[in-house]
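Before anything else, here is the set of structures, which you'll find just below.
There are two complexes below, and they share subunit A, which is joined by subunit B in the first and by subunit C in the second.
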Partner chain A sequence: MVKKIAIALAIALTATGISHAATDEPSASRMHLVGMRRITQDQYRQIIADVFGRTIKLGGRFEPDQRDAGLLAVGASQVSVTASGFEQYDDLARSIAAQVVDEQHRIVTVPCKPRSGQGADDACAGNFLSSVGRLLYRRPLTQRELTDEIKIASDVSDRLHDFYAGLSLALTGMLESAQFLFRQEVASGDASHLTLDPYSKATRLSFLLWNAGPDRPLLDAAEHGELDTPAGLDRQVDRMLASPRLEAGVRAFFSDMLGFTAFEGLAKDPVLYPKFSARVAADAQEQTLRTIVELLLTQNGDYRDLFTTRTTFLTPLLGAIYKIPVTTPDDLPDAWVRYEYPQDAEQAGIVTQASFVALHSQPGRSSPTVRGKALREVLLCQKVPDPPGNVNFALVQDTNNPDFKTARQRLTAHRSQPTCAGCHKIMDPIGLALENFDTTGAFRALENGAPIDASGEIDGMKFTDAQGLGKALHDNPAAAACIVNRLYAYGIGRSTTKDEANWVHTDLTKDFVAGHYGIEALLRGIATSDQFYSATKPEIRAGDPASTRLASEGLHQ
Partner chain B sequence: MLGGAAVTVGLPFLDCFLDGNGVALADGAPLPTIFANWFFGCGLNPGRWEPKTAGKLVDLGPELEPLRPYMTKVNVFSGFKVPLDGKPAQPHITGKIAVQTGIVAAAGQKTALPSVDTIIADTIGTKTRFRSLEVSCIGSRNSESVRAGNIMNPSEVSPTALYTRIFGPDFTDPNAADFTPDPRVMARQSVLSGVKDQLTDLQGMIGSADKVRLDEYLTSVRQLEQQLALELQKPEPLKSCTVPQKPAGELPPNAEVTTMQTNHRLFVQLIANAMACGQTRVANIALTEGLSTLRRSGNAVIHHTHTHEEPVDPKLGYQPNVTWFIGTIMSAMADMIATFDGFREGDRSLLDRMLVWVSTETGYAKVHSTDNIPTLTIGGANGRVKTGLHIPTAGDPISRVGLTVQQAMGVPVNSWGSDTMATSRTITEILA
Partner chain C sequence: MDNPCISKCSMAKAARPSVVSRRSLVKKGNRLALLCGLLGLAFSREAAASQTKSYVVSWFYTATYSQDGDCPDGLNDDIETHFRKALALLGKSQAEIEGAVKAIPGSMYFMLGDRGRIDGKPVSPYLYPTSVPDPQIKTLKGKVGYGFNLDGKEGPDDFVDPESGEHGVDNQLYRVLGCFVPQRAFPPDRPGYPTAAWDMPRDAMGAWLIEVTGDDLSKDGDVTIGIYQATAPVMRGTDGTPIPDMTFRVSGDRRSYNVVHGHLVNGVVASDTFTFNMLADIFYEPEFHLSDARVRLTLKPDGTARGILGGYEDWRKIYSSYASGGVFNEAVVSLDIPGIYYALKRMADAFPDPKTGENTAISTAYAIEAVPAFIVHDNKTAAADVPAQDTSR
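The block that comes next holds the complex of A and B.
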């Protein structure tokens, strides 16, 4: 039976002109699984749109992503799929597969026509499954995988007397398989120096630049060995950097780095701050992403200018928060409008935007400490230690205390305690510079009737207000080093090893500086480096079998 | 084989038949013992919750006063701690990890050990449609339920979504007159079988950490297979199973107190229905996270911030706002008990066959203390647990409670916890 299917498949593939047949079985003895990253919600959505078109609706829910070392991209290397998460992937997969083969979509999504709609057609099923499987698994299916998928489609089609029902179920299986849900990176070589296989290279590259799976040209390049040559790799990197899809990749990285998933649970007290809504929260994220895209991609500007730029984009809803009148065309009331802050405005740079000051605040008030911690950890990649136990916080923000009207006065009192002074010294002076922005991002000159003093100091640079803080961040070498480190860790899905960190801090950072702090130059530097495609052998702990096996009872229960 | 005779189905919905009253199985054994984890953050005020006398529960501290109607069904444990042994505490994290998984994690470390509820679920939850159900009453997808390898079971935040998951199209009413297996379900089983088989290609090329993750993925695939197997057979009738209406009055999830209380009531009712209908035997109910973000409408300061900043009122001797939040949490606990206790199964209540473990992550939250962390058990676990007791200690590791809870639920374990939390001292006073 299997042989018969294989022959039918070979005929089908030849007939349809598909350039490669399924690959041989992987040689497990020489290959190592060096990375296994669960695809994120955004990546899942993007892949479905790329493979089946944007008319496929994704109505289900996703298992939440997790953050580690400052990035969801790193957390993705540590999560699995829980029972409730798998139920959700199953719902999504069945819904997507049913749409893909329904009468509306099949003309486009399933190019071949079955001999009969009432039963199996292995050649047509094989044609479809090998073609979409290559995009979903980000590599050609192995011969065994393809044979198995065709068999599922065939059995179900015959049993239910419906060719498309069989195809739909086989596709469902692909969409809930570990091969699809996890980016599996495979490497080979000697133990001290492993290199990713061409398809894993293509995958790493594509998610870095586009936040999506590899497209057909990139998979073709992998198949033909082009990614193993500097010239071939350069060609693909050039093509992908020149594509409009780069914007999605840049947006995805900054959404991750800036922690925008926290907006999902962000609420402001509606009695105290009635203007803040879920819509404002969404617009706040979009404002910052538009600011980033404009400066880094459209203008090909200097990353550090994100901390000082006066150019941004607003909607009327955001204008209401910032107290800036925003006028839009009558027929487009929610349109985005480009806006230049005047020279003397308090706002400048992304840290004065609501996506930063509102995200790093409490529901009912601002928090200089939380903001200072975020500035250090998110934008400068510096870890602030946890607070010690047995600390009395009584003075910090008792806003009714007549002696301590402003946050500065309350925090100064708190910092007088020696156990607290060390850490607060590195957070508060920079967080206090943003005190002119309340918990929603609105400007204020007074707190409890007392004028706000927004002066401060960071790593030896003094400033008097938020604008000055932006300039200090711009000039702080840690800011540039941070983006280089984060982007590289984002690409490889883990924290850097010691050797990698050396390379990142010297060569890659030097290239970034030489490239005038441009994001495209940095992406190119990463995407064309050997380091980006190297790997280390996975650790097998004592007690595990030498060649680690999955729970065998799990496979055959 | 699809649609034919040679279909292998999973274990039956219940182990054997029920007796005529619906309160016990035909052989006289009671309905299965069930477990719920009920978690809240930021502890209680020391000196205001502990009963004064040991042994039989004859009094309650003022903060536990809402539980008075249920004194005979509750055990209170006081004086238990997380011994830090010189390790720095990560506020609200160290305590939570220690109470739930029995280890004091080093700074910045995440636990790799499973939480008590998942150990229990792996013992008693493998034959039901859902191994466990997790809910959060404040809109967070996080939960206290962690499987080996730091894999967290995410919470449902919407009662309506939970309703659909349990009682939606895939639910089979055990009391329905008709039963027609859907041949498509068998087809789906074959798909899942293929999904598992494809993983064999990874044998021999995978490291230990990723193996744990793939094993968890496999466990999840098998859980869905279990659900499908159950859909293919007619379940035994369950007299006390009533299929609820879709929950009404759900509020958009967030940490505002009224919202929390409303959604908590809806969640607890749904969990009671799910347990009575044999859909699960384990539930995790997170009233708040460890760092409680509960807030009052129109008030700028959240519960957690109050615990640190609010001065102790010299006349009252405690923090009034913090204590107000504690009051709302204790009322919610009383609501939960009332729902489970009020759910009748013949002449008994659902609570009679339940063990609810109530825990928090902190003793005195004002100073992030991990001493004297309040914890309670509620319900008799089918007669396995004696109730109406106060068990005071002078600083025993709180892992003694986690160990005893596991043993009460039938987990074959003699000792539990690591380092300073390691214990083999069961709290025998409460075991029948």
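The block that comes next holds the complex of A and C.
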């Protein structure tokens, strides 16, 4: 229901964009709106930087993102813009537009000079609006859209005797339009075999690889039909994979998959854990992302080695958490330092990093259950049922109970309740492997003076500590299958259909294995596949107002 | 090009400890090897042969052991009483005094701040403390106080240290300050004013570091104690206190580099006599210089350390640190700055001026609290730069 309302609201916001696309162009009668995905905060920022430069400042707040099927990228297909959210987008748009045309920026951002600054200049306005509009809407503006925008600019310029005021207002309108705020995917073909149009292909590809809108070369390729040919598509994929911007794309995917947005609300008890601050939380995310980029992109390594790697990067603040000396230059106190854990170190792999163990803990204590659930759901794509509503957690939370000094002892007692035992069996044995790390990620050998037993078992593989857990995850086929599934779902913005799931679990996963579990090869496999650019018609339910609205917009033929 | 860190790694058993040290002895060899590897350095087996515990000072303040009855003449005046007396000394009428008191705090700032008189003209009593009469502040008479027997004698003004049991403890600074309310506390509480005076500048001044190195710190034996300043200040955690386990680089400034031999007995490190010198903060006390200094540290099982640094300090420097706070230290902190001047001068107990015979230094004791840290020595602190450790002034 939420999804459908979201789409309806998004369409109601503009009532023009897709309609234009669907009615202005020759093939409009065969076009289908098959998806709308609200761009994320990071994507918004990146697009503004790409189009207008990094000197444009973005303040304000964004609508909160929504996670679904383990990904914000999937949730983005199910969210709308609330009334208050629209106000925020409006504020942002006005601020950005004002900066873009101010005296400091206009010489770069507005390539043409108006005949007179005191009035309208349709040619110059059209030049600017069509150029930035193509990047903002991720497709050329339709003639009707462009005409409308030029008219807005012209009217305001004449009325206010200020060319740039008119330009600013037209740009504001574009920045708060659904065409910009939502990735609108349009497909053609019959219902049994829909294929994205070239611009939707370009958009899907660009957000997958760069977490940004298509650049001009990619839009050019779309315009010239190159993305519809294997060779043309390959050229663009090669170009984008070779670009330094790939790192941003990989970072965005793993930030999403690992649930890093939860750090925004993460806090630790300041009395018990005064080391843990917002800066530590930010560094913890960055540590893991740097570890990932180093292994998967710089070294072109095996994805599974993320669970066992001894190479990481630290700041002095993280060094304090892990009790590791981190020396930085005096003039760069927050610099990152590459670090290799010794063979006998307690830490290895990203699940022993603070970004995992601190994120999946309680404010005042660790939580083997929460960690075990996260290991299953985030890294193995296995669903763990939610606990029943009447569970008594008193024993688990009583970390000062002299009879149950360790989490293992408390959970063992808790599992004696039959209603709890089933789920805890699949979470606790792996979560307990990380008990040597407290709620901030610091290593500890004891809890309440009692030695911690970090042994466990996952899917038949036994281990004695966190290192062993890392090796077990490395060798677990579910981990590799999970990343393939997640990355594909991330790219298409929804859960896979049955047919897609078959393809993902067989062909794509097989290629991933054959490619030595390399992320670039996996991205290439997705980005060059037909499946990635196929589409399904949104389900229309009788009585669903959103579906009715979609139908009334004439978007489903 | 020589890498100075290599020699430091191998100098672990000499006066200087290893290139990096930390409190934990667990897997120390590995960690040292790691850091040396991190810095592209060689790691000497000798480094692993000694053990080092290292700390960053979290608190440093005048040591107090306030007890009932140690100020038999009462505590020093609260600010209003102090203000009234100061106005009376200036010849103000009772009505004028009442009017000024009603206008507290604003009235205090200008009436206290220029109450000194020289040739009948108002002057700052902080710059010219003798421009006001000696108010004869109340001083501490107790018999228990932290510190060391610095002069090797036992006298009527000496204390017994409550932790070490040492007799003949010289700590006249405690007697001067001990009856001001903001200077009073019983451990583990800290006195308010000295704690705040340390707390405020430490975000800007290089952190103070302590290293204790010995062959086996789990046993009694000889140790080397290093007290240095870091290139960077401490960082605070969410509770406002310095974050433990941070890494600090030792400053190359020889004015903040102290190395002294000591002994470890029952987990307590006690130094030989040395000259302590350390830069602090220009708004606090720019530079500490303690002659005939000694330091005692309890190395606690939780990784922290707590102890006492004592020695003789130029009383005029101490006065300056109080006077630099000016009227704030009187109007807000409730101290009597000229009164402290007179008391410091009167109770100074060492290093008489050859000409006047007046003592120029006063015995002191400061409490030290420290949390574990990593300490890195780099090429800025070459051994040759270490000043000779004179034990006499």
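Heads up, the rule we're going with is that the second predicted complex is superposed on the first by the 506 of 557 C-alpha atoms of A that agree within 3 Å, B and C clash if a C-alpha of one lies under 4 Å from a C-alpha of the other, contacts with A are read in each partner's own complex, and residues count from 1 in each chain.
We take it that contacts are C-beta pairs under 8 Å (C-beta built on N, C-alpha and C of every residue); 3 or more make two chains touch, one makes a residue touch a chain.
Since this is a predicted model, take the numbers as computed values, not measurements.
Enquirer: Tell me which partner A:H32 touches in the superposition: subunit B (first), subunit C (second), both or neither.
Expert: first
Enquirer: With both complexes superposed on chain A, which partner does A:D330 reach: first (subunit B), second (subunit C), both or neither?
Expert: In the superposition, A:D330 touches subunit C alone.
Enquirer: On the A-aligned overlay, A:F276 touches which partner chain: subunit B = first, subunit C = second, or both, or neither?
Expert: A:F276 sits against subunit C, while subunit B stays out of touch.
Enquirer: Who does A:P477 touch here: subunit B (first), subunit C (second), both, or neither?
Expert: Neither partner.
Enquirer: In the three-chain superposition, say which chain, subunit B or subunit C, touches more residues of subunit A.
Expert: For subunit A, the partner with the higher number of touched residues is B.
Enquirer: Touching A:A178, do we find subunit B (first), subunit C (second), both, or neither?
Expert: Touch status of A:A178: first partner only.
Enquirer: Answer with first, second, both or neither: which of subunit B and subunit C does A:E63 touch in the superposed model?
Expert: Only subunit B is touched by A:E63; subunit C is not.
Enquirer: Taking the superposition on A as described, I'd like to know which of subunit B and subunit C A:P316 touches: first, second, both or neither.
Expert: A:P316 contacts subunit C only, not subunit B.
Enquirer: So, A:P230: does it touch subunit B (first), subunit C (second), both, or neither?
Expert: neither
Enquirer: What is the contact status of A:D148 with respect to subunit B (first) and subunit C (second): first, second, both, or neither?
Expert: first
Enquirer: Touching subunit B and also subunit C: which subunit A residues?
Expert: Common to the two interfaces on subunit A: residues 270-271.
Enquirer: Any idea which subunit A residues touch subunit B in the complex?
Expert: The touching residues are 25-26, 28-29, 31-34, 36, 61, 63-64, 66, 78-87, 90, 142, 144-145, 148-149, 152, 155-156, 159-160, 165, 169-170, 172-173, 176-179, 181, 184, 186, 265, 267, 269-272, 362-365, 386-399, 537-541, 544, 547-551, 554-555, 557.
Enquirer: Show which residues of subunit B lie in contact with subunit A when the two form their complex.
Expert: Listed in rising order, the residues of subunit B that touch subunit A are 2-3, 84, 88-91, 107, 130-132, 134, 139-142, 147, 149-154, 156, 161, 165, 183-184, 187-188, 190-192, 194-224, 227, 254-256, 293, 295, 297-302, 305, 308-311, 366-370.
Enquirer: For subunit C, which residues are in contact with subunit A within the complex?
Expert: Touching subunit A: residues 20, 22, 24, 27, 30-31, 33-35, 37-39, 231-232, 235, 237-241, 243-247, 249, 374, 376 of subunit C.
Enquirer: Looking at the complex, which residues from subunit A come into contact with subunit C?
Expert: Going through subunit A, the ones touching subunit C are 268, 270-271, 273-277, 316-317, 319-321, 323-327, 330, 333, 337, 339-340, 342, 344-345.
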